[in-house]
């Protein structure tokens, strides 16, 4: 049994945003999978997806602080500067965090840990809407 | 054909630990898959999984050295400090390395390269037991 | 329906190399999948795979610059130096970027975003040929 859906997430400010239910609400068919896998795929090169702590907003704020420090806007060693000082850093951050999540499904639910949530990592100022593709499959 | 198993890995000190056989021993059914995929998923936000060199303990020690330097304990820019100086760094390291592995299965074995092994990356002091979920599927 | 193929990519200099069509050309059977998943797996611990911008060579050059700066050759804190000053940094970079890609397949094509391409990330000088395993499955 295969499920595939493209989801458009609304534009968000630069930073790390919890989007777990925004994504799972779009694929109610997950509930019919007894065992399976769900993949979530970001179709962009300046935003990414990761799993992390789903409770404290300050964790998400600290993520932004650390990544902005590790890959600073306008880093003088970058040569690809045509699209703005936040563009090349966004590409690097995107690859550090990755474009896809692969999540186990058990008894109709994502088998996440208690504290795990899905982060949309928006690395640009003015990144706009973001498209993700959810593909899930398993046994009913 | 689907296989899914939750495995509890015993508490380990902060650092990078080779756990390949500890994991594969728990899913002997992999041997019956002629072609397939196995995913390993960490259900925590302060420990992670990666593949790397399976021979030299000094490689794993150097991993700890580099990650502790890149995301230092008690970094003054972090605001989420309530759970200790190693908590927020653990979250960042966890996302840098990732929560899941996706491994090809061929002729009943994980199709790893000669030098590849599965690392449990424990980012906390006193992280405790860690739960991973192995989900595999394929053709017998 | 399962497809699995091991592909040998020719030796390349250290850096980030666009290999999308080199990989997809080897698995023409993808075209017969209406919906599915394709995974690409790097069987090495000093090279990796990522998705990023598929147009500007200067983006790929800047990737090399940033990663060489973040994990410098001959970093004095590394103890695993036997295999050369670029070996241990290659291991760390490999885990930062990851060994596998998980890509949705829709209507016979990888459902990549407009600007996404597959990068082979070669972290060694003289890394030699690199083996990747493509495993895809889905519904025709």
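We call the chains A, B and C, going by the order they appear; numbering starts again at 1 in every chain.
Quick note on the criterion: contacts are C-beta pairs under 8 Å (C-beta built on N, C-alpha and C of every residue); 3 or more make two chains touch, one makes a residue touch a chain.
Being a predicted model, the structure only gives us computed values, none of them experimental.
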Cα superposition angle of chain A on its copy chain C, in degrees to the nearest 5: 120
Same-site or different-site touching of chain A by its copy chain B, using the half cut: different
Euclidean distance of C-alpha centroids - chain A vs chain B, Å: 20
Residues of chain A whose C-beta touches two or more other chains: 70, 96, 98, 102
Interfacial residue positions of chain B with respect to chain A in the complex: 2, 4, 6, 39, 41-45, 70-71, 75, 77-80, 88, 91-92, 94-96, 98-100, 102, 131, 133, 135, 137
Residues of chain B defined as touching chain C within the complex: 35-37, 50-53, 56, 58-59, 61-63, 65-66, 69-70, 96-98, 101-104, 106, 111-116, 119, 138-139
